[in-house]
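Each chain carries a letter (A, B, C and D) given by its place in the written order, and its residues are counted from 1.
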Amino acid sequence: MTETATLFLALALIPLPPLAAAAVLLFMPGRLRRPAGAIAVVAQALALFASGTVLVRVVAGGDGFREVLNFTWFQLGAETVVPLGLLVDATNAPVLLMVSLVGLLVFIYSIAYMGGDPRAVRFFCFLSFFSAAMLGLLVANSLLLLFICWELVGLASYLLIGFWFQKPAAARAARKAFIVTRIGDLGLFLGMIWLYREAGTLLFYDGGAGVLETAVLGGLAAGAAGGMTAATAIALLLFIGAAGKSGQVPFHVWLPDAMEGPTPVSALIHAATMVAAGVFLVARAYPLFEASATALSVVAWVGAATALLGACIAVAQREIKRILAYSTVSQLGFMMLSLGVGGPVAALFHLLAHAFFKALLFLGAGSVSHGCGEEKDVLRMGGLGRRMPLTFACYGIGMMALAGFPFFFSGFWSKEAILHAAQAWPVSPGPFWIALAATFLTAFYMSRQMLLVFFGRARSEAAAQAHESPRLMTAPLVILAALSVLPLVVATPAWPWFEALVRGGEAQWALSRLLAPEVWPLLAGSILLVGAGVGLAWWIYHPGRREAAGRDPLEDRLGAGHRVLAEELYWDRTYDFTVVRACRWSGRLAAALDRWIWGGAVALAAALARLFSALADRLDRRGLNHGFDLGCAGLRAGGIGLHRAHRGQLHFLLTTLGVGAVGLLLLLAWL
Amino acid sequence: MNYLELISHVLPEIAVLVTALVLIGMGCAGGSRGGGKAVLAVTAAGLGLALAAVVFGPESGRLLEGMIVVDALTRLFKAVLLALTLGTALFLFPGGEAGGNEGRGAENSALLLLALLGLLVVVGTENLLLLFVGLELASLALYLMVVFAAPAGRPAEAALRYFFFGSVAAAFLLFGFSFIYGATGSIDLRVIAKVLAAHPVEPILPLGVGLALVGFGFKVAAVPFHLWAPDVYQSAPAPAAGFIASASKVAGFFIVAKVLVLGFGVVEGSADWGAFAMGWAPLVAVLAALSMVVGNLAALAQQSVRRLLAYSGIGHSGFILTALVAANAEAVRAVLFYSVIYGVASLAAFGVAGCVLRARGADRLEDFAGLGRTAPAAAGVLALALLSLAGLPPLVGFFGKFQLFAAALSGGTPGTVPGLLWLVALALLMSAVSLYYYLRVLKQVFFAPAPADAAPTRDTSAGTAVCLVCGSVLVLLGLFPSLVLQPLQRALVQLF
Amino acid sequence: MITLQLVLLVSSALFCLGLAIVLLRRNAIIMLIGIEVMLAAANLNFIAFWRYGAEPGSLTGVVFALFSIAVAAAEAAVGLALILLVYRHFRTIDPGRLPVAHD
Amino acid sequence: MNLTASGLLFFAFAVLTLGAGTAVALVREPVRAALVGALCFVGVGLLYLWLGAEFLGFIQWLVYVGAVAVLIVFVILLTRREDAGGETEGGRFAGLRVLGGLGVALALFGALAAAVLGSGSLYREVPEEPMVLEIAALGRELVAGAVPPLILVGVVLTVALVGGVTLALVERKPDA
């Protein structure tokens, strides 16, 4: 067997074991919980092994290594061939390893966390299914295959968020996540079809004919269509999909709600892997984005806005997982920002680093609430550092990595690289300053969380009686903590090994680069900012203070501003006033028209009203939180109005038919 | 002309007709009273014979100025229609009894076969006269089927509405045909195409096409000619509704695509944004847009699952017509492919709805609660069907939609904004809406607990078999779309 | 002196008259007459196009009209059967007085 | 423009047909409406005759006036017990309904007329040669070129028969 063949065998082996495990678990009786967990873990371990093999091969391959295996899905006639393909290069190999590794740890954690759930077998089935889809997404060399896996990832996420469907909030959150991300997927779908029209293929790399290769890209960037090039239009459409999956500002509303799912799900899907799929898509299709400066600017600004808004809102949240969720939103914003300003390597590295420490934080949060009786409000915790020392230590490492504590954490260096890229962006200094502000806020809200949870005195009964979690839960924490520290060595300015891997070239070890004039001021500045954030948090939340339980001292200091943040910028309220009203009124309008005006105009007007309200619904959903559900209700009410219009008498139906016929003929005459 | 040759080309139709006559005879003799099994056996045997006649019959032929056309495409679609009808019969005539109307099974099956005969004729002709008579045969049989199984009040009312709506639409169709005949001097689609290519077009031709579109719009339930559909789907007995939703609709799309593209490809016009030009394309584009919006939004408000399926079917008509606007070979392939898989998916969905209806006496959303536990096979197939309709990969509905929309965008010069982008964007938006109401059904099926006093929903063995076949078709075609696309492509190559 | 156009105008008027009957009358039987009038208008078109056509030797138009008369008769029979059925259940043939299907 | 006898005849037939049709829309009493409907069908038959399709004219009279109209009157008599007063012009929006129906019909006529008037080739006279529809030729056409529709129409009539008979049978078994 040749080396390439072995490589692709390994590549194919990555998503297959979890898929097989999911298929087996689907038909497994519900009482076999232990074997189910074992099957899932073994399958995931196989995937991890295969990923490791692939990564080793990529590293050994060196400079710009890329192997592509395309095969024909099917063929129609002589010329129409529908190909799919697998791909391995330095962009996806590290992510593959990360996904399968975090997946494995989360699977192990789940055995302890979900062991008592009567539907644990189903849970492992869904988890394996998710893992298979996510890994398939990563190895795809065809936008079509990527999209198929993309949708399956969405489906798996829906099933997992809504796993405890008895909780109405969980069911709602699941539906919201599915539908909001699918609206993003529409953009991706449309972009994909458009790309197909322009290029005639959806393969990324195909010996010079793929969509990411110069021949096609040149064509895309050339033609001007309605004020923008086809490359811009397609890249923006793809970005809508990426923004939906990665919770960027217009579409971020589903992510915090998704925390209704079981904690391992939050860690795996909504911190480490699925939400990174959008970032990965942009990184994967980066040549296409590079062909359009406009698209890159949009990516940068959306990323910057997301980074700042996510951090702002996280400051005033009380629920431990919700803080982390908004922090995820914010960090995803950092990654997008980095992609937009031309630092795809930094984005990719931040993606990897973030995956480890955010998974650690989520699992740690799960351990914390597990330890103190499913308490979730950080203001009702406190002093847990003594009672849960192992969790405390691991969580502290994760927090420092996220907050960007200097030198010994991967998060510090990845953020440093992003800031560096933003500073060098020639288009606008805006994103750079926004990123600095977000860095400060990140340090602040993470310190706040640490202080509230682990320091001071216990502020509730449950917190006072907290206990350390079982070994099976803490072991993954320790491993993840180690992983949050270790990768730092490969991506410092002193030894840019990772950049060399992705970009090609040789990494030279040179400590002196840290002191280069274009590096050290930023380094020092960001350390100062982090220090300021931590100091401010200490000043407000220092352990010695005595406050009533359940009250946030920040509330008194910020006054009205705090409420605005705590209410997630009042987006719900605004939403209620605008979209929901509009929906309700257009529904009423449709009903009134039905009642008072006779004739085919009814159906038409109602349809138009519905159309507008549906459009309004889509438009205003951007930036608006769980008013989404109200929006759905409004949509339904409008639908009822429309439906009434149809329940008319026979004569009404026949007249509508006549009106339709006349309308068609008049349209003909008008043309 | 040689009668023997003629007979050899219409053997499938003859098999269906003879079976129908045998069933009528059985009905007169009271044969169905003894047991519906005999009726079902005769029906299945007749359909099997017809299928064999399609497979082993002549491969091509064009007789009597296009009245009888046999080619790969018509054979493929005749086979599809026969298979869908067989599925309808097995699924929805459990034990041969149709909805409590004992003793009517034979006549009911006969009407089903006669409606099928009409559709077979429609599929296998390129002649407007035979097209009209075939459509009328199918329509009349369907009006009667709606009321036949249980001539109680509500189906009777629905049948009357269906009848009036259909008759007015048929009158429009005939009136349109008369103008087409007047403008071209022929009723043979091939000749019409030739005449149109050679002569300047006068206003009465688009007039005729526009009027005919009313009739076709009725057949495929496109807005604003759709108002009959929700009532009929809801009130008709399950076999009739299933047949109307699957086989009848497949034939409808087949004939719309064939007539418009084959006969009137020359006068297509343009529906590109900002560049509308006279022809049938802008008309179809408007029908498509209205159907998508109205169908999908109205489906949101439904409580009855069959009504919901009716509106979702209206929405799907919009999706399918979207691709038709592009009017090239790719578009026809996408339209035909999607109509087939739509037929399979809606047969499955209606089949399960029929099972629930029989067991629980109603088909509101609440009645589907807990189906996932009481009848897992039916629930699984319902999930596959609905998710396929929603276009979720890797089910075949996803690939079907990809093809539809890719075909719609395929026109125009590369590098410019595709002319039909507006329509496709609308379609995508509406397909996101559709996911919402499909999930509502599935939520009931899998996540709501079954009411304690509910009668258990049982699958009949034939029903389970059809379920499994439909489900595996949806999955298999999703993984290997070429199973249908390949023969379709080969058949279309002959046509274009 | 009677041009084809004039005949077509008459048939168009007849068609619209049929539609008006269907839309205006609330007696299902009279509505049925309206439908028959619409179909008759179409037949008139076929015959007119045949008569004024370029090649009167071809009988296409007449044959079409002949068949559509037969089909229309069958349609009328089915329609009347349905109307009788509805009458038996609801004691009315006014479609406006039928209970509309609710869900 | 000089009116010939033939032209006058056409106008007379057209006026008869359209007048009778209008009467159907206006006459309230169902039986009378049905009778003027029959008159309308007679007028259509006359127009067929005028166009030279005598055979079709006779068929029209046979089928419509002889069979369908009689059937219709019969059904009206069957169903008139409680509907004796004709249709009720009930409903709150009867006026609007009439207006809408008229509007649709008129608009449709406008569209049709515009298209017909806009088609230049329709300004043509009847071809000069006397036109006789040879029944023998029609018969040959039916057994040669039009066999499939002929048989299919037979099936259509069978469906109507089966439907009528079976629905009539229901009466013997009143539903519980």
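As a convention for this text, contacts are C-beta pairs under 8 Å (C-beta built on N, C-alpha and C of every residue); 3 or more make two chains touch, one makes a residue touch a chain.
These numbers come from a predicted model, not from an experiment.
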Other chains in touch with both subunit A and subunit D: B, C
Between subunit B and subunit A, distance of the C-alpha-averaged centres to the nearest whole Å: 40
Distance from subunit D to subunit B - Cα centre to Cα centre, in angstrom: 31
Rounded Å distance between subunit A and subunit C, as computed from the means of their C-alpha atoms: 61
Centre-to-centre distance between subunit D and subunit C (centres being mean Cα positions), rounded to whole Å: 5
Shared-contact residues (touching 2 or more other chains) in subunit D: 97, 100-101, 104-105, 108, 111-112, 114-116, 119, 122, 145-146, 149, 153, 156, 159-160, 163, 167, 170
For subunit C, residues contacting two or more additional chains: 8, 15, 18-19, 22-23, 26, 32, 43, 48, 63, 67, 71, 74-75, 78, 82-83, 85, 95-96, 98, 100-101
Junction residues of subunit B, two or more chains touched: 129, 133, 136, 140, 143-144, 147, 151-152, 160-161, 164, 168, 172, 204, 206-207, 302
Touch-based graph of the chains, sorted into line, ring, star, complete or other: complete
Subunit B to subunit D touching residues, read off their complex: 1, 3, 6, 10, 17, 24, 64-65, 67-68, 104, 107, 110-111, 114, 117-118, 121, 125, 129-130, 133-134, 136-137, 140-141, 143-144, 147-148, 151-152, 183, 202-204, 206-207
Touch list for subunit A against partner subunit B, complex: 73-77, 80, 144, 147-148, 151-152, 155, 162, 165, 171, 175, 178-179, 182-183, 186, 189-190, 193-194, 196-198, 219-220, 222-226, 230, 233, 600, 603-604, 607, 610-611, 614, 618, 632, 635-636, 638-640, 642-643, 646, 648, 650, 652-654, 656-661, 663-665, 667-668, 671
Residues of subunit B defined as touching subunit C within the complex: 128-129, 132-133, 136, 140, 143-144, 147, 151-154, 156-161, 163-164, 167-168, 170-172, 174-175, 177-179, 181-182, 185-187, 204, 231, 234-235, 302-304, 307, 364
Touching residues (chain side subunit C, partner subunit D) in the complex: 1-10, 12-21, 23-27, 29-30, 32-34, 36-37, 40, 43-44, 47-48, 50-52, 56, 59, 62-63, 65-67, 69-71, 73-78, 80-85, 87-88, 91-94, 96-97
Subunit D residues touching subunit B - in the complex, by the definition given at the top: 111-112, 114-116, 118-122, 144-149, 152-153, 155-156, 158-160, 162-163, 166-167, 170, 175
